[in-house]
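Several structures are given next for inspection.
What follows is a pair of complexes built around subunit A, which joins subunit B in one and subunit C in the other.
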Partner chain A sequence: MGLAKYIIRRTIYMVPLIIGISLVSFLVMYAAGDPIQLATAGNPSITEAQRQFLREYYGLNDPIPIQYLRWLDHFIHGDFGKSLYGGRPVNEIISSLIWETAKLQIISILLAFFISIPAGVYSAVKQRSAADYTVSSIAIFGISVPVFWFGIVLILIFSYHLGWLPSAGAHGAPYLWPVFGIKNEFLDELAHLVLPVTVLTFANLAYNVRLLRAGMLEVLRQDYIMAARASGIPERKVLYKYALKNAITPLLTLLGLSIGGMLAGAPVTETVFSWPGLGRAYVTASLRLDFPLIMGITMIITIMILIANLITDLVYAWVDPRVTID
Partner chain B sequence: MNLRRRSDKEIKERGASQWAVAWRRFKKHRSGLVGLGMIIVLLTIAAFHNVIAPYPARPHPDAFKPLYEGESAQPPSWKHPFGTTVMGTDVFSEVIHGSIYTIYVAVAVTIISMALSVGVGIVSGYFGRLVDDVLMRITEVFLVFPSLLFILLFSRIYQLGVAEPFWNVFGIKIPVGLTIVVVIVSIFGWASYARVIRGEVLRMKECEFIQAAKSLGASSRWIMLRHIFPNILPQVIVLATLTMASAVLVEAAVSFLGFGDPNTITWGRLMEESLQDLSTVWWAEVFPGLAVFLTVLAFNLVGDGLSDALNPRLRE
Partner chain C sequence: MNLLEIEYLKTYFFTEAGVVKAVDDVTLSVEKGSTVGLVGESGSGKSVTAQSVLRIVPRPGKIIGGKVLFNGEDLLLKKEEEMRKYRGKKISLIFQDPTSSLNPLFTIGSQLADIVIEHEKVKKDEAMERVVKALRIVKLPDPEHAIYQYPHQFSGGMKQRICIARALLLNPELLFADEPTTNLDVTIQAQIIALLKDLQKELGMTLVMITHDMGIVAEMCKNVVVLYAGNVMESGSIEDIFERPHPYTEALLKAVPRLDETRKLISIPGNIPNLIDPPSGCRFHPRCQYAIDLCKERKPPLEEVGNSHFISCHRWRELQGGRS
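Right after this comes the complex of A and B.
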């Protein structure tokens, strides 16, 4: 089957999935009750007439199917409506936050990917050596540690105790964080990135290393590796060209999944570091039941995941000749 | 291949059952044993939490005794090994009391999600065709879902309707809100395991003993329960251990973010309550988090040990 045809078919296949996910989220939220009642429950000075006005304003008086169809209509036209808190357009909120989340995640995912390759390969080649035990121990530590706790410990040590790095936010403006006594915007941004990136990289790294180590152990046992070694090919080339090529496919899948899930990936880390990103916005929106904002973020993330899955499958077919598009 | 006499040890091993062999292999796995030891300690603490903890659990008024004694927000000391919180509770006692909820979450999530994934995996792999197609499409939807986000949202919404904070089942108080979280975490957690199990079943379906059972006229249910299930059990046990680890981790995150059961003082909730005092009362964050970490680590260590012990492909 042709590549274009495959992509078109997969895109068509996404449509029911997107509609299904939006329908489920919509129904669950609106079945929970009247969002205006929920949002204003703690406000004693609001009158029933004002509530009624808000319901009218957000179109909440119509039957739920009508509301969903209206939402779907706006969604197809790229409009997610307005936040129930402050009335800011959801599109505007999302576009102001998406870059901060993406920045954090892309750096961490790539760092984790490129660190895990030498670590995983080395650990597998020198199985049961001191280096392997170290790498494996760090990896099991990484998959077991709660990210929020790890983040808090880093804040306690590097922000509160040593005072080296900022503990919250993505920017220090107007008070820039001094790095070695120098204050400029770039260094300030970098200083704010260090702790959250460390936490996220660590979490991603642990999974990558375990996956790659297991894959390499499997591959290194194969006959063609012995054949390659017997032909006198330099060990470095055997490992990084012949063995790694076969062991890396699960890692690529994971990379694709993490890039796809990247916008959803860090609500916990973003909350700990008060990072002005989508994950933290989602947490606040869910706590306050800000339905339009929740729907908006959910849909952006879902679409992102579906596109990344498609790209991952294409890359997979390109890297691994045993897999073909079909 | 050289001919040689089998050693006594090998003869003994050949005679032993599959489980005895696995246990023997597990015993050699040092970190797995350490994990098992940690789990036993956790279970002991949970069983005797009322005896071990110096102060009772909230809402008992004596939980706030350090406050009346003027000892709130105190750093760790002999009297308060993990210090006290700003509102005047003893962190050590609260961590001890929280252990029962951790075990409840680990066990309940594992039972529900394993039942779902084993059921779907076996049925899907065994019947194939249309059944497989439908079940795998459903599984894929769950895999595509950004699960943590949905867990948060669903936990928030479904806890709005909770009227009674506890169910009283035969004198045991079961927290309703926490149970809702448990069910939601399970529902969003089974899909990837179902795929693993389906893969195993597909591989096994081609084995001679299944073909033999079929040609002898065994029913599908008999084959699934008596032939397939026992053979995937080692895989299921490993997956179950890993589920326990991830369940504890996810529930802690849910509580930490403020979506947990407000009537249940879990480790994650302890951290949520004291987060605003982080700069002064660091011990109220560090110790409950350490408890989560050690518990998850213990389950993961045992999981690694079990997968080495039970994975037949790595058997030498």
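Right after this comes the complex of A and C.
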């Protein structure tokens, strides 16, 4: 059918895109410097011959096109190579961190999405009321406040002063965090999630609420809303069925972008909360010029964004019958 | 008996620029089973009057006074949930632009069936059958198929038929048609007018035709109410209004282009006034060729000057004398 054909065609289009992005990333990365020099700069006992040996060992002496083709060959076979630090396979590093990042991000993105719906609708309906100003102020605060500052303030209050919640990491094991005196792995995991999820939800929420409020204000002026009211449709249904579906498209775009970019989305939050995630690993890898790891994470993020874009387009067509896919 | 009586209705819009007195002391009555024309220029308060009856005036508009008696009961005193049961069920409204008044993201069947479900607590299948029946009444081709289609798949004329079907779904006693043909092609206009006329006759419905088209008024209506700047200038039978018109109605009639006359089209000088700060006295006086000082100083009352012929004008009697 048309849909399957469309998905296949879009997937084929992704191939040149992925190759292009990988090529550009590869070149930019090589322009950034020499990882061996960077790693050994602080070590006075290392000799130039040893450096050469390391470069030779990691294949960094070959011409860049050869290196790129070698990387591409491995990538096509699903192998991202080994990290320059510790020699762990990149595939293994990514798979050990991806879940922690995804968990944090998916919870925050969905929480922000579902909280923003009643908040956005309410503040549009009560436009220019005290409630609207309150919601809008909180939203502006969420947009303006830097994530690292807000994270540290939360740690200061809830971890340092009150001692209610852990300040770092995703797991306490082997020392489980007691929740109301109960110690088990699930509650421990939950306790570790609270602060970083709060920070991320707050940051996402702000944009969602502003977008939905603007969309609702536009939609509520439309004749079909007055027509629904004139037909005796109850107000709740007018708002949450007939108006919301029309106002929610920008929010779906943002949701698609957030889900697509989520793996790269929160390096700052992950750093503040020492979260063992991909975002933090990405930052560390970039600072160390850990080429295989940088490329690996970049490609994972690229593929995620492309898939999320495709899904967003499919959702559009599903929500709005006027949008046709072909 | 009168199905609808509006007394001294005031609906104001509280905008940042000031209070817009869109409907100010409007008084009119609609006889059961009749077709009444509600006439006036854009911004005269025709649509807001209809919206006030249904109590769906959009923000920042607010009904601040008067009575809306429907079958003798004041709708302005009803609780919101009680009022909801009147909307679409006893009183319906057809909008000017069929394209913007149908929700683009829902199928025709689902958005119309919802109305039946909300009023009559029936199952979805039964509601859909009612929708198909209503679509058949408005002569929409292939209604069984149409219910699964979206608004953008229909032409403007077909969409207006669907909107009429939506208004008629629950056999309302009173139907407001708010310039239902303004946004349609001329040929389609004639079809829609013919359809409304037939339906009104067949269903014995009371119809309030909101329009600025005197041709439609002459063709369809028995009685006419003429609004200007939120005030009723004149109301009465079609004969009264065409033969012994208020100075404003007279100017309005002269502004209708006609093919069989060679006279120049006469437009009314000036513009519809700013309703934040409306003219003193008679609101039409700055544009009225007969205006005297009294018109500027005192607002003329709406007086019965003949059998059910009401006029709000200081000089009408005197002018009639001069004319005959």
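We take it that the second predicted complex is superposed on the first by the 324 of 326 C-alpha atoms of A that agree within 3 Å, B and C clash if a C-alpha of one lies under 4 Å from a C-alpha of the other, contacts with A are read in each partner's own complex, and residues count from 1 in each chain.
Everything below uses one rule, namely that a contact is a pair of C-beta atoms (placed from the backbone, for glycine too) under 8 Å apart; a residue touches a chain by one contact, two chains touch by 3 or more.
Quantities reported herein were computed from a predicted structural model and do not represent experimental measurements.
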First (subunit B), second (subunit C), both or neither touched by A:309: first
Partner chain(s) touched by A:322 [first = subunit B, second = subunit C, both, neither]: second
First, second, both or neither for A:267, with subunit B first and subunit C second: first
Between subunit B and subunit C, more extensive residue contact with subunit A: B
First (subunit B), second (subunit C), both or neither touched by A:95: neither
Partner chain(s) touched by A:242 [first = subunit B, second = subunit C, both, neither]: second
Partner chain in contact with A:228 - subunit B first, subunit C second, else both or neither: second
Residues of subunit B defined as touching subunit A within the complex: 31, 141, 144-146, 148-150, 152-154, 156-158, 160, 245, 249, 252-253, 256-259, 271, 275, 278-279, 282, 285-286, 289-290, 292-293, 296-297, 300-301, 304
Contact set on subunit A toward subunit C in their complex: 127, 221-224, 226-235, 237, 242, 245-246, 319-322
Subunit B partner contacts - residues on subunit A that touch it in the complex: 17, 20-21, 25, 28-29, 31-33, 38, 140-141, 143-149, 152-153, 155-156, 160, 261, 264, 267-268, 271, 282-283, 286-287, 289, 294, 297-298, 301-302, 305-306, 309
Parts of subunit C lying in touch with subunit A, wherever the complex brings them together: 51, 54, 56, 58-59, 80, 84-89, 92-93, 95-97, 100-106, 111, 114-115, 118-119, 150, 152, 163, 166
